[in-house]
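Common to both upcoming complexes is chain A, partnered first by chain B, then by chain C.
== the complex of A and B ==
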């Protein structure tokens, strides 16, 4: 599989160019900066943000840090009960008392347990009323007068009686009836009958006996429910249909006894005319001054506005969708929206990666498997050209753990050594397993100690530059251009072939160029040098016999993690790029 | 008891989301699919970078992976930052544009099912906006961000042949404002600290382009452009009016100061305030007259908002026209610019007077009227979806996670068949309907259903597979 460099997501990585240089590939092939990744202990792999599932643990208010479970939160519409947001600048509002001479500012909201201002504001017995005040833009709720009240029930009641809600209720009722009807109508026959009844509605009186009782009921409901708009209202009287005497229906015996008059030509003409009249719509004068549209330009907008801040912006309108207002002076404060604490799980094995403490005052985590604290951190300490299109990279590996980490550069892996967009590849790197000391460097494990000792003896000074505390500096040599056979075919992602890395040992003189004082300058073919280094790491030794170079097959497969480091180094970061 | 469903309408500029059957969406937030900026793609399926030169205007269609990643981020933020509910517990109702690109739908559905494990997705088309106002006849005019559309619906049946679209919308207004501010040297910048006007054309231009981007917008990435357009749209929202060209009105001076940041303000002239919206009603003459420079930043649409509406009415049957004209329903955020209704009627009447092309529509001149309703135009189709959430059993265009996964495992390489608006054969309980002896087409037509005005059109019988037509004959 080819790894792809993905855009970092966190804003602190987004605008820092240095955080784009080195990316760690997730198991799924997307590569991000190390700080955005997680490390799953269960499957010993890196998880990117597309490879985790999240769930909401609980909701809380970012201002008063009050904890709510999801049921409580949804009752309150995911809003805090106490805290308000400024309608103009969205800052948190503070409560102040009206009446006392020096306006007593109460930090919002008062601590739980003390009588909350939400109740005191509603009860006039205390004699004190609170108003809301914005410390940032100096907005306060006094200008709104009685329109605005603190307590939740009053807002709710207001909403239910609004015109919108009434219309919505009406529509819901109509819809429910329609749905019930559609489910109850089992056969085509009934539908046809109702259809016929609708077509005949002008001729049949409401008491017609041609319909069964229950169908008639249904039909009448349909009648009332729809505001028929393609027909003019009221439907004009058709004098060809005899008006039944009061108290009688059209098809009652008495009405039939009256007999219908034979139709004459003039009457036929009249009938025609009436049919036309029935389609006649009232003419309007849509542009006249008498016609008012609900979105007409008010004098306020036309003449009185001198500064744009007097008109509310879209953000301000969207905060209170039901009661939005065009003018900033009459918008209402809204309750603060809650935020959540979430736990994250590995998508592959469902193990918890991140879980926060339930207590909101604690900032640490119950469980935190960030890749930053599990995966060797890599820094580029030096990068330079040593010949045309051949470069040398010095990498410093830092072990974040307390125990030593063993690392190895595999010579053959499933999948590809090359990532998408790569224009270079490493050609000369350490083939032997090596180790990085832990932070404390106190190993009780004798077995590990002995392995480390043997590794240390076999260490090649050509690649291992420096070893200090929990840091290890290594040298790699890479070249621009990619050997074709190293690229795994892209199309068969499912059955990945094993690809091998070819190692070319350069001559000592070339490899030691970096130590010389005078470094010649070289041209760079590309603006950015992109290449991939693949490594394995584990807390226990990767191979029981460190002398054998190809350790991939013998090592304990459960324990090691394959990690791809995707480099993207701008050529001007090289020490000796010829400036053009 | 079922938990209330989530209703989502992804628009070109703003996404509305909330819970069914509430009367207003909980949130209206920018459709942020960064790093992609695909609002045009969302409405018509093509992507043109408007800010670039004509010569290198090339359609850049997003790939499936790009779409999925952006959609994942966006939907993730919807569920975890705004709605704050578990995605696998609630059904989802999507109010979608009729002409939504297929690729986008596929990606959206795949992200929702595979990443968020939504139990059921219901597709509702924007004509659902008729549901909350309980009408079944309307001329729906949808003025969105990058496109405007007309859908006539007569007695619950969509007049498909008369559906019209035009690439005019809020985006055009933004481009126009951008052009006007940069090209008109008359733009006045005020220094807030010294409280004085800066009169220096060259300096002004550089200053201004810092805030609203320079003329070709080439050296700004998507993130920055997002900010620049938001300043432009804020200016339009706060200052622009739809005034009618009466002589008395044009003389009034209602210039407005717009504060860019704490250092600088600009003065928006009454010329811009009153005339900017005229761009939507520009006729061909004006289009030809404008400078090459301006044509560069323009899209080339034919006609304007009024001709689109009149064209659509022309295609309707004679009997339908007057009823439709009496029931104009405006939806979409662009129609909320103050004075829009009066301006629209004025322009309609004027065009009927002047343009010979529409002579057969002339009697309609005094018959334009709007449907009165207490809601706001920008979320009306969302509201329709929200109300339909109450009667999900009757809505047939839906797909559940089980059937999705089943299709996925059976034919892993094939795109999953989604309920298409124009094809009822895909509805999930199709067999059930057939066995009960009701042809789905007739079913919707006879019962005068509002669940899918579009599908109930007789025009679509030709598109139905043979299977269904034979079964209805039996």
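== the complex of A and C ==
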């Protein structure tokens, strides 16, 4: 199997160039920055975000940090009861008192400039009327109707429900029933079905208790339909949840119908034809009645507009979908979207990987299986050319655990040593097993201790550069270009095929170039040097080879984890690349 | 890539017993009200307005060049009252920021040229990318990224952000070395 460098998901990693250089391959072949990965103890493998299932633990408002369970959240359409967002700049709005001296000045709304002293929600005074005020763009709700003026800086949420919600409730009921039946039998197939049921449940939200009451109310409130289709945000990534077709929401009746009905061959042909037809634009008679100003400013508005700020932007209209007003003066503030805390499970064995505390004030986790705290962390300390197209990399391995880790560079593995896009490969690396000390160097295990001693004695100073605390610096030599025979055939899906790594031992003089004072400069063929280093690690000794161990093979249940490190080093990071 | 060591002129910095490294090019007003909890780095050009209210900066935190730390105030019954400003441990504030928050938790990363306006509350573990402007009274919950003008919720952070920041700020502190060690430091 070829590993692929995937784009890091978090913008935090995207902004940081350093976090793009080295990626760790997940068991499924996608490689990400270490911070975005998890490590499953059950299968002793790395999990990427495609290899986990997520469940919403609870919802909370990002502004008032109020905790809500899924039922409470869905009653309010996954929005906060108290907090509003500015319709213009989307900042959180604050409650302010109208005319701090006289309550009756409502008829002549004060201008935005003379805002009265703002009060926090903590100090409500009776008899005062509050309005919403934006501290960033100075928008306020004074020009709007009474809907956005309040007696108290908190208000009752209106019930939101829609035709879709009622449909959803029915299917949730069915799913609930099925899930209850299935939980009694738990083999692999049913686990998947339970997963699907749970996924659908979370996606669709729990049942509203006030169905009938809302049904009637819904007839005359069309805009409610839009408001209640809001989902928990961000939606947990779940491969079992279908993605909505573009331009439709997942729960619109058309979309549901579409998913249920199978598509026939003729329909497929028709769709193909329609797609071809759609490429030709209809010519319109500019004077005819057929011309529609679909999303344009009406002539009336065009005369009124004196500043471009008066026309709402697409973003503003999308947030305000019930009104979608063209002018900024009539768009309404929206309630703040709730965000979610999610627990994560291994997709392969269903083991719980991450579960956060219910309390939002703590950053602790009930369970935390981050790759960052289980897998040896790797950093490049130095990289340089030692000859044309031959380079040397110094890697520092950090053991995040309290016990020693054993690492080994396998010479043959199932699958491929080369990843997609690689333009280089390692050619000279340590062939013997070695170890990284734990954080506190706690070795209560005598047997382990003796293995470490033997490993230390047989250590090759050519590859092992430095040991310090829980850190180990090693040297690798790589070359630009790939040996053809090491590439497992791509179209062949047989993962069992074994590939071997060829080792070329370079002469000592070449290998020791990095220690000399004067290092010559070399050209780089590529802008980025991409290669893969494969290693195995385990908390118990990996090989049976060291003289002492006869029992290590049998007694230890600990498996080893195969780890592929995908490097993508820009050539300007090399110490001695010739600048062009 | 490993963080490349940054060397500083020993005469340009004041090192305290508990490992604080404060540049002589920084301006600390009302120094009695400023508490650095150890292993804190204050770079040149930084202004800390301790004369307005107490300022606490936690362990292994770094305040980069030309950042202004200014406690926020609130008008209350006509009078102006200043709030103390607490910054947690393992916080990294990049260059050119204006920090007027009411509190900043631990494991927080604030990028270059950010404005953290009056009375903002940044919880533990959050990330503010470069050029973000947080409006007054913004609350940034744990494990979130806020960016833009005005700064608003963008996405969740990786769950191991706390461990990442611990590791990152520690290595920043350890690679900030006085220039004398340059000759013997390199192997």
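The working rule: the second predicted complex is superposed on the first by the 380 of 580 C-alpha atoms of A that agree within 3 Å, B and C clash if a C-alpha of one lies under 4 Å from a C-alpha of the other, contacts with A are read in each partner's own complex, and residues count from 1 in each chain.
The rule we apply is simple: contacts are C-beta pairs under 8 Å (C-beta built on N, C-alpha and C of every residue); 3 or more make two chains touch, one makes a residue touch a chain.
Owing to the predicted nature of the structure, the values given are computational and were not obtained by experimental measurement.
Visitor: Applying the touch criterion given at the start, work out whether A:24 contacts chain B, chain C, both or neither, answering first, second, both or neither.
Guide: neither
Visitor: So, does A:435 touch the first partner chain B, the second partner chain C, both, or neither?
Guide: A:435 contacts neither chain B nor chain C.
Visitor: Between chain B and chain C, whom does A:573 touch in the aligned arrangement: first, second, both, or neither?
Guide: second
Visitor: More residues of chain A are touched by which chain, chain B or chain C?
Guide: When the residues of chain A touched by each partner are counted, B comes out ahead.
Visitor: May I ask you to decide whether A:172 touches chain B, chain C, both, or neither, giving the answer as first, second, both or neither?
Guide: First partner only, chain B.
Visitor: Between chain B and chain C, whom does A:59 touch in the aligned arrangement: first, second, both, or neither?
Guide: After superposing on A, A:59 lies in contact with chain B but is clear of chain C.
Visitor: Just to be sure I read the superposition right, which of the two partners does A:537 touch: chain B = first, chain C = second, or both, or neither?
Guide: After superposing on A, A:537 lies clear of both chain B and chain C.
Visitor: Considering only touches as defined above, state whether A:396 meets chain B (first), chain C (second), both or neither.
Guide: second
Visitor: If you stack the two complexes on chain A, which partner ends up touching A:311: first (chain B), second (chain C), both, or neither?
Guide: first
Visitor: Have a look at where A:131 lands relative to chain B and chain C in the superposition and call it first, second, both or neither.
Guide: Once the two structures are laid over each other on A, A:131 reaches no partner at all.
Visitor: Which chain A residues are contacted by chain C in one complex and by chain B in the other?
Guide: Common interface on chain A, chain B vs chain C: 339.
Visitor: In the complex, go through chain C and note every residue touching chain A.
Guide: Answer in residue numbers: 1-2, 75, 106-107, 109, 111, 117, 123-125, 127, 129-130, 133, 135-145, 147, 150, 152-164, 167, 187.
Visitor: If we count contacts the way the header does, which residues on chain A are in touch with chain B in the complex?
Guide: Touch list, chain A to chain B: 6-7, 9, 50, 54-56, 59, 70, 73-74, 77-78, 162-165, 167-168, 170-172, 174-176, 178-179, 181-183, 185-188, 191-192, 195, 198, 222, 225-230, 279, 281, 283-287, 293-298, 301-303, 305-309, 311-314, 318, 321-322, 324, 326, 338-340, 342.
Visitor: Considering only the defined contacts, which chain A positions touch chain C in the complex?
Guide: These residues of chain A touch chain C: 10-13, 15, 18, 21, 35-36, 60, 62-65, 89-92, 94, 117, 134-137, 234, 339, 344, 354, 356, 360-361, 363, 365, 368, 370-373, 377, 379-381, 396, 400, 466, 573.
Visitor: Going by the contact rule at the top, pick out the chain B residues touching chain A in the complex.
Guide: My answer: residues 21, 23-29, 35, 69, 72-73, 76, 80-81, 83-86, 115, 131-138, 154-155, 233-235, 237-239, 241-244, 252, 254-259, 268, 319-320, 322-323, 326-327, 336, 338-342, 345-346, 349, 366-370, 372-376, 379, 383, 387-388, 390-391, 393-394, 436-438, 442-443, 446-450.
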